[in-house]
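Given below, in the form of structure tokens, are the structures.
One chain, chain A, links the two complexes that follow: it is found with chain B in the first and with chain C in the second.
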Partner chain A sequence: MSVRDVLSPFAAWKHLFRDPVSIKDPFNREASERYRGFHQNDIEKCIGCGTCEAICQNGAIDMLPVSGVDGVQTRPGDSGLRPRIDYGRCCWCALCVDVCMTGSLSMSNAYKWVEADPDKFRYIPGVDKKHWDDYEHGYRRPEGHRLNAPERIEMPELEPGERIDSFAEIVGGYSVEQARLEADRCVTCGICVATCPTHMPIPEYISAVRDGDYEAGLKLLYDSNPFSQICGKICTRRCETTCAASHEGDPIAIRWLKRHITEQVPFERYRAIIGEPAAATGHSVAIVGAGPAGMTTAFDLARLGHKVHVYEAQSHAGGMTRYGIPEYRLPFDTIQREIDLIVSMGVEMHYNTRIGADISMAQLQQDHDAVVLSIGLWLGRSTRVPGSDHRNVYKAVDLLRRIRDGEQLQAPKSMVVIGGGNVAMDIARSMARLQQQQHGQIAITLTALEDKSHFLADPVEIKESIEEQVTILDSRGPQECMVDDQDNLLGLRTWRVHSIFDENGRFAPSYDDGDEMVHEGEWVVEAIGQMSDVAILGDELTEKLDWNRGRIQVDEDGRTSESWLWSAGDMVRGPDVVHAVADGHRTARSIHAHLSALDKQENA
Partner chain B sequence: MMQSLYDRLKDRFNLGEFTGRRADLAFVTVSREQLRPLLLHLRDLEGFTHLVLLTAVDWIEDDTFQLTYLLNDRARARDIGVRLMLPRDDTQMDSIHDLWPTAATYQRELREMFGIDFPDSPRVNEDFILEGWVDIPPYRREFDTLRFARETYPERPGRETHDPATYMKQQLYPDGEDNG
Partner chain C sequence: MNEQSTPPAEGHRSGRDRLAASTTVAEILETAITFEQTARDFYRQLTPKVSKRIRWLVEELAEEEQRHYELFSDLLERDDLDEQIEAVIDRPAADTRFSDCIHLPDLGEKPDDQTVLQYAMGREHAAMEQYRELAESTAAGPIRDLFRYLAAEETLHKAELEKLYYETIHSGGV
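For the complex of A and B:
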């Protein structure tokens, strides 16, 4: 107040009715909008990755099981754990909010909480309900503010123009520097491990990349997957779909980092790193089919000291990886190195040996303590639409095998592929290469039942097919392979798909016959699924075995109703390399337990 | 504006890297010997009369501390940051409190948080904010905050935690394999 105010007191009256500057009730004042107060967590969004716990420099966070609360459940991609915060330790730094992989964690601007029991100041945000759970204000990670890089390090690849006229491998592999940067994006939470069918120790081997300890990395790979080089190139990488980093960015390139490890260790070192097999047990096991399931079983059993004989109808091992997957995705020498390694454990290979023709199942049963049937899915299914028995209507698996067997196929000038899975993409892209080489131009139409958002193929396959000038049409149902009077194939007639499944979820496509198209093609190739050639088993064994809708019935461990016979791989689980590897491990463990029990009986 | 300043400076001083961030903000790197003459020159001849701050960064990978002296030229509304690289194993630095008295406070903070010493700087060895600190200076990157917190502040009883991958294995595939 100035002297004048004192002298003329009325002058001060004008302030009389103004709001006071001081706060009436300082105890109930809202904190500033971005104040860092008690935490909030959207527990449906949170995946329980524990990255918040790992970053907290005060050790204020625990991860606790909350299964059952508000639909939270331990399942692929969600640990079912949620962070609990101890406010006796928290310093409100918000590092946990800044790092949160899903953006579920934030802080309200609530800052007042009076309580007599100190243990109350430890709670699970979002689970233990608080009145600030729905506060609008508080600290949220600012837009664009990230502690970890959201984008994947790009993989060097051949451009479409460079790759279209050859079967050269497309993917180049990371350099050490690129791999380290990519590995650095991984928060090593391990959420992905449960999703990997063979549960590879993913965070551990990614850490090995980060540390540059490739030999340790390789050991981790081969202890869980003897097809690591192959999976490093063509795995369906289910793990990446549940990666914590995928919620707010690209998933870690788990597959490429696996590949990187296998490329950094000189192949001559592999055997020493993996180690010697155990002493011979005297037991002998026969395996029919040298694909991933059979060879994984062989690898595990041989390492345990059992004698393993593998019978293979083809001239090379690898199964569908050798005869089904095109070379531009998986070169021969990668497969051969993998097989050599497995064989070096003492596995005996019998190539060009067909069950039923060259040796019988009965003979195998007689000569061995256990037999594994892992013959895969080599017979292509047919659409059975009219005209599909024409000589120029092919099965994708047959063509792929002929190409990989080195046969010089004469590519047709135009061609239609039926199917929307990876096999359809494989044959379309292989034939595109042959067309380019032989005719200088590509004319391939791929028709799939599914709409674009439900394609079964890997999105990368679809993208690269389009880059390679394959015309992809979705929601088209095959009606007829059209043949003219001279018995020439003209192409495929399709209708637009209404729906694929009926209300009971059964496969029963319905069509809109008003939307008809004819796709020109000298060939039509069916890539709609495969079956197993179980005829080789012979009548007697077929009669004895239990069956389930055309598949051999097996128990959890892959054992059939015949106590000496196991079955594994695609023929049991459906087509997928890494599932076949997991199945091989399971089968080997079951057989090993069986053989150990035999030993015990003998000793008793 | 900053480029011409740099051109003038580089004839007199042996300057390292120059980075112009904005039209009114740039950084130069200087050697320890030339720090003082450069600061004096900037203050008395170029109009950078105000020391905005003095701070440090620990580049532990390169075995150096980076000191940054940020100066402001009020009249022309521009800033210059003078950087100086100090080896991590020789952390004695010349005090500039006689150029700007406020420097003494920054130097006292740097002494406490990074262990960078400024002999002769007033009260430099007195506790600043860390009363009774016994560990290594906490802004040095080798300081393990979590370990310090664990050792210094005892846990309340009743804590437990779970590793996500291990917990998921227990719940989803306890025998090592699932049947998916």
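For the complex of A and C:
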């Protein structure tokens, strides 16, 4: 035995007073700050888009309905679903956090959870309360780290200088490469489908763009919207307001992708892709008004085999899309292709036929199994301020109709528009083009009672109006159309509006009459609102019908109190193309059910 | 606001003279009640003459005048009339002046919804102005308070009509 052997045990004793390397109580150790532990979800921020579920490689996430659970309230743009995590499957990869469209999902650094029941390891973060809900540390998506591009692909457009002296279409349309890049941004969550009034299959047709299968895309479009070319250009795109991508970036350009599909398929192929109508049923339906609601009803009913006659007071179909929307936004040939397609289903058009003058409602009732009234909002409202009955005070809808009808208007050198909606922008921008063509300069002032944040016009319309040298003055209350001793119109006198709505959002204007302005104008154009020309119904039918605060009363399917008469579109729902299309579908379904019931009765 | 000749009621010279000649709170309230009654009956008579499409509007106007009729009638019966009046004039309604520049129209045979609303706003405006003028020309006391109360009520009614006018006429276009 060596001396070393004798001393070795004592050498070990020297470690007796050193701090231990291992942790005395590992169960209470805090994890690192960026540890990926159990999930947290900001329930107010989450919209239930399900992108986390779609990306999870382990199938660990299921979307479950939570509306009404523990005070959780859903809102527009929210599916009412929330992710449930199964920790028997989760591998803590955090892809769900990285892809989350609103940034609501994160992971706490909590890592311990002991349960006897294995089913307990599935829970809905943010709904099923856990002690780590308020943990500050854990994994959050790093700033600037995104799995999908936040910015939309810009649509090629004519510059203001290029477009101001013509009615050439402003928007150019995506190339195939641009469209695919934009389509790639979509996470196909489908929240937009619920927002679209006609519930177009948006994720599916965007997938068709991604796949380059344009014919399949076109079929999807026309199965839900026979005005797809038109909506691809001028839709009010409610869908984009709820797009999941809009929470942390630009919404997907859904309207432009729809347009792209319609532009990629040769028009000659449309009819074959959409398919033939069903065999004739022997039923006949009359439709009054060839706008989007009437023509959608006609399209659906004709495809179901019913004979459809459309009676239109104007020389062309399209309603306000043809006679109210300027050509630089919606070219004639786009409208005409849409109408030709609908007519090709066997729809019979009766142009220049005015109800009450050329044919009566009673005659239509007698000649057809059902009648649809869809006459739009063609009469402009007037402010009726002093001087508004002057010969040079016009209604915007009348002027737009004259321009669209090809009349060569002599533009005034200066003009004032009253109104803050799209019609006001349309007439201001149309007249700006005529002024530029005829006088080489633009002098148009647009005044509105509302402040800009309450304008009803599309923000793009406002931006482009300003680019085209229209002077927009918001919060101005019209007081008088000023006329001189020789009965010449001088312009519009306005007062400043301090505020327009009260705390409940109701109209309660407050004026500053010390801030008075006179806006010079040889013309004043009123674009404050529109109404329907229901006088064509005649006193007898007007008296028979039920009315709801000035509008024809209809049930949820568009049927009036008269069993043979339906009503659809702007005149019952308010102005909007895509809502009119949705209304047309509803009305057609209701009429088809009615006609099918008649068949059953006859066969019984 | 242009002068409207029919029907004789609040806001007109004869009505103003009648109110100015009144010497007690009860007399003034009774006169105000007859004004509301006249207006209510006017709208009720107008109802079957207008298109069924806008009959709701005239019916609502008649109901509103009836509501005022009942309000003033109840007030006349109350023991705490002074307190009721004070409560209202302590919270004066703001005149939004939106309709001041709009013509007071001739209703004609077949008025549309805008004409009926213009007419109704014109009446309320005239009534409001009349009670205000009477309040200003009356010495402090219960009668002036009553005029101020009546002016406040008419101002509120006018503001409500202006809301309806905006929602009906100013839809902002398409």
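In this section, the second predicted complex is superposed on the first by the 559 of 604 C-alpha atoms of A that agree within 3 Å, B and C clash if a C-alpha of one lies under 4 Å from a C-alpha of the other, contacts with A are read in each partner's own complex, and residues count from 1 in each chain.
We adopt the following convention: a contact is a pair of C-beta atoms (placed from the backbone, for glycine too) under 8 Å apart; a residue touches a chain by one contact, two chains touch by 3 or more.
From a predicted model like this one, the values you see are computed outputs, not experimental measurements.
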Is the arrangement of chain B and chain C around the shared chain A a clash or a fit after superposition? fit
Who does A:42 touch here: chain B (first), chain C (second), both, or neither? neither
One more residue to check, A:59. First (chain B), second (chain C), both or neither? first
Determine, under the contact definition given at the top, whether A:381 touches first (chain B), second (chain C), both, or neither. second
Name the contact category of A:421: first (chain B only), second (chain C only), both, or neither. second
With the C-alpha centre of chain A at the apex, what angle separates the C-alpha centres of chain B and chain C, reported to the nearest 10°? 150
Just chain B (first), just chain C (second), both, or neither: which does A:88 touch? first
Touching A:263, do we find chain B (first), chain C (second), both, or neither? neither
Figure out whether A:157 sits in contact with chain B (first) or chain C (second), or with both, or with neither. neither
Determine the nearest approach in Å between the Cα atoms of chain B and those of chain C after overlaying the two structures. 17
Under the contact definition given at the top, report the residues of chain A touching chain B in one complex and chain C in the other. none
Which residues of chain A touch chain B in the complex? 48-50, 53, 56-59, 61-65, 67, 74-76, 79-81, 86, 88-89, 118-119, 122, 189-191, 193-194, 197-199, 203, 556, 579, 582, 585-586, 589
Residues on chain C engaged by chain A in the complex (per definition of touch): 51-57, 94, 96-98, 101-103, 105, 113-114, 118, 159, 162-163, 166-174
Taking the complex as given, what residues does chain B use to touch chain A? 145-146, 149-150, 153, 155-156, 158-169, 171-173, 176-180
Contact footprint of chain C on chain A as seen in their complex: 320, 324, 377, 381-386, 396-397, 419-424, 449-450, 455-457, 477-480, 506-511, 513, 527-530, 534, 539, 542-543, 545, 547-550, 570, 574-576
